[in-house]
Amino acid sequence: MCAIVGVINSADAAKTAYYALFAMQHRGQEASGISSCDNDGIIRTIKNRGLVTEVFNKDSFEILKGRMAIGHNRYATAGSDSLLDAQPVAANYALGSISIVHNGNLIDKDKTRQELIQNGAIFASNMDTENIIHLIAQHKSHSLKDRILYALNNITGAYCLLIQSRTKVFAIRDKYGVRPLSIGKLKDGGYIVASETCAFDLVDAEFIRDVKPGEMITFEYGKDGFKSEQIFTPDPRICAFEYIYFARPDSIIDGKNVYDVRKNMGRVLAKKSKTKADFVIPVPDSGVAAALGYAQESGLAFEAAIVRNHYVGRTFIEPTQELRNLKVKLKLNPMHSVLQGKSVIVIDDSIVRGTTSKKIVELLRHAGVKEIHFKVACPELKYPERYGIDTPSFEELISANKNIEQVRKYIGADSLEFLSIDELTSAIGNERKYSLVSFDGDYFIK
Amino acid sequence: MCAIVGVINSADAAKTAYYALFAMQHRGQEASGISSCDNDGIIRTIKNRGLVTEVFNKDSFEILKGRMAIGHNRYATAGSDSLLDAQPVAANYALGSISIVHNGNLIDKDKTRQELIQNGAIFASNMDTENIIHLIAQHKSHSLKDRILYALNNITGAYCLLIQSRTKVFAIRDKYGVRPLSIGKLKDGGYIVASETCAFDLVDAEFIRDVKPGEMITFEYGKDGFKSEQIFTPDPRICAFEYIYFARPDSIIDGKNVYDVRKNMGRVLAKKSKTKADFVIPVPDSGVAAALGYAQESGLAFEAAIVRNHYVGRTFIEPTQELRNLKVKLKLNPMHSVLQGKSVIVIDDSIVRGTTSKKIVELLRHAGVKEIHFKVACPELKYPERYGIDTPSFEELISANKNIEQVRKYIGADSLEFLSIDELTSAIGNERKYSLVSFDGDYFIK
Amino acid sequence: MCAIVGVINSADAAKTAYYALFAMQHRGQEASGISSCDNDGIIRTIKNRGLVTEVFNKDSFEILKGRMAIGHNRYATAGSDSLLDAQPVAANYALGSISIVHNGNLIDKDKTRQELIQNGAIFASNMDTENIIHLIAQHKSHSLKDRILYALNNITGAYCLLIQSRTKVFAIRDKYGVRPLSIGKLKDGGYIVASETCAFDLVDAEFIRDVKPGEMITFEYGKDGFKSEQIFTPDPRICAFEYIYFARPDSIIDGKNVYDVRKNMGRVLAKKSKTKADFVIPVPDSGVAAALGYAQESGLAFEAAIVRNHYVGRTFIEPTQELRNLKVKLKLNPMHSVLQGKSVIVIDDSIVRGTTSKKIVELLRHAGVKEIHFKVACPELKYPERYGIDTPSFEELISANKNIEQVRKYIGADSLEFLSIDELTSAIGNERKYSLVSFDGDYFIK
Amino acid sequence: MCAIVGVINSADAAKTAYYALFAMQHRGQEASGISSCDNDGIIRTIKNRGLVTEVFNKDSFEILKGRMAIGHNRYATAGSDSLLDAQPVAANYALGSISIVHNGNLIDKDKTRQELIQNGAIFASNMDTENIIHLIAQHKSHSLKDRILYALNNITGAYCLLIQSRTKVFAIRDKYGVRPLSIGKLKDGGYIVASETCAFDLVDAEFIRDVKPGEMITFEYGKDGFKSEQIFTPDPRICAFEYIYFARPDSIIDGKNVYDVRKNMGRVLAKKSKTKADFVIPVPDSGVAAALGYAQESGLAFEAAIVRNHYVGRTFIEPTQELRNLKVKLKLNPMHSVLQGKSVIVIDDSIVRGTTSKKIVELLRHAGVKEIHFKVACPELKYPERYGIDTPSFEELISANKNIEQVRKYIGADSLEFLSIDELTSAIGNERKYSLVSFDGDYFIK
């Protein structure tokens, strides 16, 4: 789960990429990187564990000083504990230097990796991005574009890719368009490509359009504009999770404002609900937009009755024995004076393992809440996502193993309600298809 | 502007102080410190620039391992750029070791400092806290309490003090009670004293009562309970600013929940306002509670239409020339799709210099807002506060130099409304007196 | 120019490798690394820029906890400024995990690299070590040994290699034995292989024997002893530079103690010299042993009249304009009171660019020396070494461009004398052949 | 045990102080600091734990940019583990700002401290330097010089002091001249005062003269030259330990070159010794000069048979159980091939606790030495020094508790010889008196 950015034909390209990554950084990113191709044709990369504000300093931009740059933000996930798993991935190969960033997931990656390895390739990391770079390197064409097409024809999965050579940046979105990718125009005439349009706002870029499913956009050093090629027949299935919880609320994905969609999910929840309560409270910040929608639809008051502490960092000092539930409490504090003796509707965006929801319910009970009606602005999460969102395995997904009543008992709420799959799609908009694998198990990319 | 904490007769006192400081840390603190008195009677102090999560690590608590501890968080302010200006201030003096933390401001500090210096004292820092420790050191009594009383009788100002000796912790609040200070009871029988009650929630402490204006509370090592003495005749004047913007919304100050008070301020604003608009938006996070109150009172919708980025850190990479207004934009992004063509009521807690408000208005205009009605949940800030809140000088306070219409023009809003002083006090509660110097210039401590 | 170590079948193998690297670290190493294979069969690597004491800490050895480990120390050289150029190089390939360290230089590396790249390989660094790992990965055998032999048959150059798999460590020395490699036995029954025997002293290992030119030694996890195979017909040509300046004086290389050899070089210099002088002084620390030999042979007094400061670190504060020659002066200070008005014989191990020698002569003149007779314990350096010692190019080697009289004038000495090539080999021992390319230009590996 | 420096009326004074401290830094300094008075009259101080190369960076000299500076290097000692114990000590007092550095030790410091404390002073550190600054602050004169004289008249002990005000630097040496202090002239016309003359060599300063025992030198901002006043009747007793081991060998103390004196100590040892041996070896680096003197006098060969590793840093990775004597072995490695079967004379500068000597003897035995004749270039250390050298207490000084034969047995040597006190003074030069308290217990400052 990550964010990518490319900046082309712009002064201080790496700096603009830095600010774009900064704007898209809202989930405690564990690794960040930028590579830039200088006028000398050498691609230089700086990447490390940590937020962009931790990885980069003034000196970084003395090194990354070209007019092209690509960058990457990785969200903290299990299993990728290594510095080597930071992107961009850069390498020397037959046609010179190249660097790649990837948002998404290749579903046949282990098979391809094994084939590549049996064929003599070596892998330095666990990232499927290395598959792509090996496929590009192994093809024999003198044209990087041909090599990229060869690579794309030999991978299956969800991907938005940015590929930087000495003279070009390619932006590619898979035919389903599972992950978002948009093009913006910078004030100095250059272009920016980014996972989330909120990046454009910070760097004063004008939104041009989305990269289309199955499209390859080519930017060339020193040339104005860009070239579009439809390299795969589109079969759009944007990931519903981008709307549900991954994107920032101020991003626009394939024409739809995320905040509006989330409010709509809350409205749909309210429409079907008969729950009586004193007011609605969100789990901050994930449930805020849906809770506002719920409140507006139901006419109930919205109260910001759980306060979130944003200073939670990496350092963890083991607490004294007395302090229970510390991890959730460090972040969230329900206000006793507001909640004491009340019936409340609590809105969150999803329930994954159920452990956090359970702790929130405990904290609310401790704060004196009388009735807790927990409402979730998406359907039950029954299947692991495999297209770039790191949802856990079947064993860990609570709704894969318990029905709604069992989940309710586990988390300790007085009632529990989810959106149905149809309600979800109607809330986003029924004119298109979505990737809904986590809810319906229809793994359409195999 | 800071937060203080003391923990007494509790295992891992310093750790509990750490978590309490963590809970009260919500304004980018620039310096943090804790000192703890071990069983060997030696007071050890760790302090440095930075948030508590930056200053302390696991090893810190190997050093700070007594059953008493006091701690301090300093909010970023001008002029205190030195490590030496971190607290606690610790020293050896005639009766042994001592350490002090101070929240507030001594108004006669320069005169006292000069007198002390002329008398032969040396000062290592610019903190007025050093005055207090010198006064304690120079008195000749064998009783620390007598020395403290002597010091208190020779200073004027607003203060909450925690003073730790080998065997005792004294908690003192000035006779006006300008700054808040509350007592809680820990689960293991120990006590905690803290500036804000939100600290109690995190460490599972039960709120006992506030320290009263003019009261000195004495905790003794190994003795249960605490002793109370009314050392000054109380003349309560709690600082209105604690309610307006300094305290965390989940704190309770002298019996009043801050979130409720802020919502009330919004309600009062709404009651007097005739403004028509499509919806109400807060400046996050400072204006959220008042905006909710305004929305509830007015019946207008509340929209979280400005998104705040919480990852703004210390490192500042100079942006490209193209990026204007970067400092505010790094934090705040208004949603175009929500705001385009709308009339909005924007709520913030206060206007100080006016520069941030001006930039917010610009960002909103850029996002397509048609009409911007800026409403402020406190009166015009016309006088520098001198009792512990670091408001700037007359020259910098925009409302000290411009009337409402001129301020409106400067920030570029279509209309601008403040609370009156009476409305403010009625919103907090008219049964008591408040420190309102910033609004009325009544410097009651001279 | 580097040092390598392998530890096999020993508890805390990585820690032992760390101490061995520490012992061999005497030239401001710029990068250090260790990889260890744990019982789980996973090879973990920690490497970074800096001395071993900077790269490793207590936590490192929680990660590197297997009973096998290989390590690497790189001496500061031009052109390898990247973190990626640190070793060990680790990769996943067809037979699992592998890591490699390499001391030496492949002379056909660019050609091989181009062939590999044309064949589809990608390179992440500029190290020739990557060639070897690619050759191993591309061979099709199920036997790692066969793959290694294939790789060795497709590279040309000077190398000592340690290759670690899940179950084995291979130690290989090229047929010329240009670089040294020795086997030692640890007290707990395990083995250590290292570039320099001084490593054995620190870790209490007993010297067993040298790895022979053209020999491959195989250590197997859990099996006692080791297997020897002569994989190439030996043609020994140990590098004379190891004796001249690279090895620590307390190392024994192919049976000869380095300190003794260096003293011998000084003796040979003295035997042919007719120079009269008050005493002999070394350039510390490089010329100490030769100067002692010279003094003992000539009967002249040895004086430690140049004091070396060992605290020169990385941080470089630009000096004031007044301070000339600072870089050399930071390290070396001649004692005026000892040197004033004297005729001295100055001994150093070699003259490379001549710039340092020139500055030393200036410092000695400034200290009042009357006559400076500069004597060098090796022949004129006329050809770039290409087998692992990073000597500079023809253009930079002063003796490639100037005769002795011209060099003398350049450095400003009153006389200048070198060893002849024959004198050098007789000083080391004429029973064997040596790699002497820097002196005679006989590039026997092509 | 420390080094001090002052630079006056010179551009980049702090930088010159930095290099001077660097030159004098040869014992793993644990704390370093410089304070500089800028044209604005404000004294700024940067100090921290660590070597100067660790404490200062480029930015430091943006802050310390005046034409006057004083600096301090503290040698690692027991008991001063705090950052607060770094110097310079700076303070604001009645006449403005002041900073002080101190080399030496006040013997009545606890009494004075108690008096000051009883009088109302507070102490932030454990340094006796704070006594001096308090005495200066408490006097009532408008003349800093009068205050300094008052302070000096109220302390007893060994001291070299540098005191910096807004306009002056005072350099003061106690009447015994126990610690050294010399004046040099910089190339740009400014002056430098330093503990060791080796500092002058690095910064291209010309030695002018020593500060005399009992003399106060006054440098004034913007005025050429300096003023001398004999403020105490001199009674010279320079500390013998400066010659024995503390100073760098290239320093000149009160007219005598340290290297020459140390060689002389070795010569005197040789003259009285009848020991037969194969050669002489020093304990590096402390015993080198004396060993050279011994070798020259005795006609025995000098061999650098123990190799010292200079890369020992702070980080300590706990070794495996197998590695015995690690701390000494990390630093020193005797060469087996040179030592095997030999009779050797080992020279060191002193024996303090005996533990290091014992381990060196063990290492030599392990290297196969047949006979070890340990000779010490100073008398038996029977009394704790109290005048600025941190020798341990009676209990820890081996020669305070054992006679020579017992010490020999303890360290395991075949013979052991010390200089007598008379031999020591004759080696330094009998025309003057020395501070010899460690040897004869004559504590002449009480």
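All chains are identified by letter, namely A, B, C and D, in their written order; residue positions are counted from 1 within each chain.
What we mean here is this: contacts are C-beta pairs under 8 Å (C-beta built on N, C-alpha and C of every residue); 3 or more make two chains touch, one makes a residue touch a chain.
By chain, UniProt protein names: A, B, C, D = Amidophosphoribosyltransferase.
All values reported here derive from a predicted model rather than from experimental measurement.
Should one ask which of A-B and B-D has more C-beta pairs in contact, the pair is A-B. Averaging C-alpha coordinates per chain places the centre of subunit A 61 Å away from that of subunit D.
We define each chain's centre as the mean of its Cα atoms; on that basis subunit A and subunit B are separated by 36 Å.
Centre-to-centre, using mean CA coordinates, subunit B is 49 Å away from subunit D.
In subunit A, no residue touches two or more other chains. Across the whole structure, chains are in contact as follows: A-B, A-C, B-D, C-D. Residues 11-12, 15-16, 18-19, 22-23, 25-26, 51, 53-54, 56-58, 60-61, 186-188, 198, 201-204, 248-250, 252, 257, 259-260, 288-289, 292, 295-296, 301-305, 307, 309-315, 317-320, 322-324, 329-330, 333-338 of subunit D touch subunit C in their complex. Contact residues of subunit C toward subunit A in the complex are 90-94, 117-118, 120-124, 133-134, 137-140.
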